[in-house]
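Chain naming follows the written order as A, B, C and D, and within any one chain the residues start at number 1.
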Amino acid sequence: MNTFGHFFRITTWGESHGAGIGVVIDGCPPGLPLDPGDIQAELDLRRPGQSELTSPRQESDRVEILSGVFEGHTLGTPISLVVFNRDMRPYDYSALKDVFRPGHADFTWQGKYGRRDYRGGGRSSGRETTARVAAGAVARKILAGKGIRVLAFARMIGGQWLQDAAVEKLFEAGAAGLDAVASATGLDRLRQAIYASQVRCPDTEAAQRMAAAIRGAAAEKDSVGGIVEVRAFGMPTGLGDPVFAKLDALIAQGLLSLGAVKAIEFGDGFRLAEMRGSQANDPFLRRSDGGVMPGSNRAGGVAGGISTGLPLVCRVAVKPTASIGRPQATVDAGGQARELTIEGRHDPCIVIRLVPVVEHMVNLVLVDLLLSQMVTRAAAGGTK
Amino acid sequence: MNTFGHFFRITTWGESHGAGIGVVIDGCPPGLPLDPGDIQAELDLRRPGQSELTSPRQESDRVEILSGVFEGHTLGTPISLVVFNRDMRPYDYSALKDVFRPGHADFTWQGKYGRRDYRGGGRSSGRETTARVAAGAVARKILAGKGIRVLAFARMIGGQWLQDAAVEKLFEAGAAGLDAVASATGLDRLRQAIYASQVRCPDTEAAQRMAAAIRGAAAEKDSVGGIVEVRAFGMPTGLGDPVFAKLDALIAQGLLSLGAVKAIEFGDGFRLAEMRGSQANDPFLRRSDGGVMPGSNRAGGVAGGISTGLPLVCRVAVKPTASIGRPQATVDAGGQARELTIEGRHDPCIVIRLVPVVEHMVNLVLVDLLLSQMVTRAAAGGTK
Amino acid sequence: MNTFGHFFRITTWGESHGAGIGVVIDGCPPGLPLDPGDIQAELDLRRPGQSELTSPRQESDRVEILSGVFEGHTLGTPISLVVFNRDMRPYDYSALKDVFRPGHADFTWQGKYGRRDYRGGGRSSGRETTARVAAGAVARKILAGKGIRVLAFARMIGGQWLQDAAVEKLFEAGAAGLDAVASATGLDRLRQAIYASQVRCPDTEAAQRMAAAIRGAAAEKDSVGGIVEVRAFGMPTGLGDPVFAKLDALIAQGLLSLGAVKAIEFGDGFRLAEMRGSQANDPFLRRSDGGVMPGSNRAGGVAGGISTGLPLVCRVAVKPTASIGRPQATVDAGGQARELTIEGRHDPCIVIRLVPVVEHMVNLVLVDLLLSQMVTRAAAGGTK
Amino acid sequence: MNTFGHFFRITTWGESHGAGIGVVIDGCPPGLPLDPGDIQAELDLRRPGQSELTSPRQESDRVEILSGVFEGHTLGTPISLVVFNRDMRPYDYSALKDVFRPGHADFTWQGKYGRRDYRGGGRSSGRETTARVAAGAVARKILAGKGIRVLAFARMIGGQWLQDAAVEKLFEAGAAGLDAVASATGLDRLRQAIYASQVRCPDTEAAQRMAAAIRGAAAEKDSVGGIVEVRAFGMPTGLGDPVFAKLDALIAQGLLSLGAVKAIEFGDGFRLAEMRGSQANDPFLRRSDGGVMPGSNRAGGVAGGISTGLPLVCRVAVKPTASIGRPQATVDAGGQARELTIEGRHDPCIVIRLVPVVEHMVNLVLVDLLLSQMVTRAAAGGTK
């Protein structure tokens, strides 16, 4: 199943070492200004080769819009986006044909389909996420028009944390308190700081510790994992379609569908499990404009699967890169023991490149639920 | 969106204080022996009033099969299951009409739809899960025919853990090592032990600590949360449809669509984020029958979103029950401050009753992916 | 697949001789006033036993709303509707267990599923359409709020036609010219005339000829078929989602999913195939308010799968009732020749009872596309 | 909604004068041998410029497979197919920017989306069907592996019919009687004869009459319509998923989603509406191998929405080409009267090029239902 979304449906295709990677977006409203540069800018954020901490591979990743856009605006028809794989070096992949790389999906893929594109991870490669970022860039434009902004950043890498206090400082200084409409300017500045950082962490001190952890692992031909945190500001109340398309349920589906993500939590997450109800419940307050809002955000911006209007807060655990330079024991398809040393230009920490992917996957969920909410509201208005 | 699944599609309906709760299953294969007792037995596991640790409400919850079954077998047509709400006490709910209960979805529901059934949680009530258990009971029968068994249990309640060592002992003694086909008898015995426990934890010592934690909170008119762990045995390789219907992605969607669940992790989960690749990768071994299998299960039975054949292992964080007896500060729909004391017969720890719900939600995902895998296999066989 | 619709999704269930027939509507907007009487009134229109021309069976068909409605308004949650089969006479169906009735789906059903509810047609019975009418009644209320009205009527029965000139007279006198907004009052009066007619034809002279044709066939223990025409007035432009959810494509799917319907045509239909382009093209005119409209309606209100704003016009061919009283040659499941005489209370002309079903199936398509169009418009407004 | 199918899902994209036309197939089984030539051969059948009776446009229409195929076999991953629009002549389309061409979808498209690609029909162009043919070519290979063959041909053009007797002669001589497994060789030969004919009619005499009718209209700068008949041989029993994914319902949706198709009938279609039940019912017979089959095929191979095993028979009415060379009265977007003369290289009879499109649309429906039936059968086998 390579389609995600009910109203803003994306269908992705492409193997890592095939002709290209692409996505068809069905359900994008007509009249949205869109040009390739909007999408290219986001793709550039997940490109490798941007610092010594990521793979030195040079992937130009030029997006082309093949349909759905005319005279600079969307038509309401399917938008077909493609990134051709232009930088494939000639390489002999036959060594990987019959061996299962530990931590990769070669084994399960072979078991499921009986054949696979052994020249790389195929569809299970991180390269598949290129298509999600491309589609997410379109979603992001729609959300921006509604004042919704999503930010992801490295919260932990290789055991080095950006502490709670530092996080709160970032968002108070740069952006949004509970009762404030997030400052668009502050959030834009914070996003720039995130992507100016080699490790996608806007706090310099934490970023240095994280970078050192990556260098330490890389020096030992090993890799590290980490935690990506994502927050959405300017959230309206009402996003999320109970019971199976709840806001948190769809985000969980979307983010767990990333190969390296092994866990997710919303708000205080696992810590909530150890609290008592009197601690965990967010009380309600009167908002300064007379409305109602939760007075704390332990729930992470979602209650009963529907957005509360407070910022969405969510964290995902990213396992360390499976491809490591040190020898590993494995077996081949025939069950024979093999020692495998993975050559090549791999990322010692995939967290860095997952940050924009996580952000755009959340954009895709939010735009889907936003369109859904529009029809609920429009229809309710007409039927009352 | 009240439908879940692509091949074994369930559509649930019903408000907690309405006429009833039900589900329509579309896509159940014909010829499955099924009678109401199969479903009733599973519903009985989530019924309140089974010990002093759950709500004393008496809900008889009798399931009726309205369609899709004839002469004791499924027809291949939609199976309509209903549990009528027969035990509604007359009660004046007008006090809850305009007030938002902290930790509940009253506020977001009102914001989204502009109206709600204020006599209880409506669709956001835990009672909605009755329908999932009923459908899950049908899924469970199909899975059993394929040798797949899902077990859920309380892993932590109120800060009291069933420790790693104790878990491994349970499954080694009772059931399945890595290389063994799980003993069906052992797993059935273990399941009985789980449901014989007041707290759904089969280890007596841990269960006593958990029970004490619940009693402590209840005595203070408060509530506790916890962690439910779920494992699936007898898993074939190949379940999971990349890229958006991955095994872990769909389980995450399914379990996060439960109102009280705030986090999920697979295998070593968040701990993987702090490991190095050389630690986190599961190496491959030659199986005793000559095949291949992972030699450890840090991934929790899933790689690249497809089952590896090792047991599926997953944990969810359950927040403490939102309804507590002690007074809470809140506001009403008009923004006026109110002190709210929730009367009634609430569970001091919802973990107990979520255990069978989590199990059946996983059953529903597994059966959907099993049917999907059948068509892949059948079609591949015919086209090679 | 027992679900229809993308935005206003209905899932139907039930066998003709099972416990009941029902439908779950997911996606109905909140705030719509709805009570059982709204639905009952429409169900009553397809009930048998209303004249000597339909089956004398007495089916009370009382609808119950089990969820999704509170204090007289829809909640935005799934609406579960059920009609219990209360009037089942005890009857020995074993004679039908192994024999395939000509013209019925017993044979194909048995072949597909390997078993069937042989006490009647099961899901292939016309009784299944009860659920569609119930859901259509809800759709009709939403459409009425937008000024859209759908009317179906018998155009031909047993070879007796309501001629073109008579049709045009009906709609000019009672309702809508090309450039006029259809008169709601006129259309309501016309609908009453349709259902006041035994044969669902509002022209007295034609109705008499049709009734005579039915009586003639019934006297010979035979049956007749016919043609149902359906028109929708007050159509906005823009309903229909290219390329696969075109207005005419979805109506064709919906109406061909009725067991007795074997053909469909829009506008001039098959006659268009014999025209030249210069005759078939509808020219465009300036509307009196300055806008644009087609100057003729050979296309039947749809161009490129999108509504033009002119009335939708469509006709379906209904085969004669398969159950006839005269002996028929057939074979049993074992291939043995059998002479079959179908006992019981069957309709000599199913057209009469299909008229409201056709109308409501079109209502269901229109409301689905109307909700879709709302999200397109709302989103386009927000993104320009 | 640009996706069709539930198991073999196609998502099409592309405007007639954009960068290209494409399709993503999701759900194609792994292991199917596939190379671009398989698809190219089918695309070549709908190409213009093949005789003086079609548009002299030269469209090379080279298909490229961008994903889902590796080492000559499908992988089970999405298959992305694209045909780039390489032959666009520079042309000034501004004359068409504000005018609505009679019989085209310019008006409705503009009304729905507020903007359109005015350089041609955009998504409403017949060129969109290129994507369906490309996907249908893959479906055809799967069906061929199961012995199912679909044939379409011109049944009527410009009032010139291929008579019933001639049709029966073709299929008796070339292919399949009721009780015979269709001869694959005979059907392949018949298909060659169809595409060897300028008008896609394998009967020489009728083809000459049809060609003359086209020439007559073309000489007067006008166009003709016609009827395409499609038959499927080697049908198993059991294809079709009641109640909304019935075989005939899905074919109706698929074929009515072609812009020029205005009507469809199965088997005896509209003629059934004038028959009595005793004439219309297909009796059942004992098959020579001891099984059961219908003894006639008035139903067109489908009963209750499920295939009977007899050949599927269906006809669609195709309206005459909307683009004609003679001047037509119309209005522009501002409502001003305009006389429009459509220049360019248009087909005087679109039936010719629709023949392969109709065939492949039916292939797409059949393969979807075939995969569905596989899961029903596989699952039923496992649960009995």
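Brief remarks follow.
One rule holds for everything that comes next: contacts are C-beta pairs under 8 Å (C-beta built on N, C-alpha and C of every residue); 3 or more make two chains touch, one makes a residue touch a chain.
Computed from a predicted model, the values in this text were never measured in an experiment.
Considering every other chain in turn, the ones in contact with both chain B and chain D prove to be A, C. For chain pairs A-C and A-D, the one joined by more C-beta pairs in contact is A-D. As a whole-number value, the distance joining the C-alpha centres of chain A and chain B reads 26 Å. With centres taken as mean Cα positions, chain C sits 46 Å from chain A. Our note on geometry: chain A versus chain D, Cα centroid distance of 40 Å, whole angstroms. In chain D, the residues that reach two or more other chains under the touch definition are 1-3, 12, 30-31, 76-77, 112-114, 123, 242, 376, 380.
Against chain B, in their complex, chain A makes its touches with residues 1-4, 6, 12, 100, 102-105, 107-109, 111-114, 121, 123-124, 128, 156, 158-159, 217, 222-227, 237-238, 240-246, 248-257, 259, 262-270, 272-287, 290-292, 294, 299-300, 302-309, 317-324, 326, 328-331, 333, 335-337, 373, 376, 380.
Residues 1-3, 9, 11-15, 18-22, 24, 26, 30-31, 64-68, 70-71, 73, 75-80, 82, 112-117, 122-123 of chain A are the ones that touch chain D when the two sit in their complex. Against chain A, the residues of chain C that register as touching in their complex are 7, 29-32, 74, 76-77, 141-142, 145-146, 242, 371-372, 374-380, 382-384.
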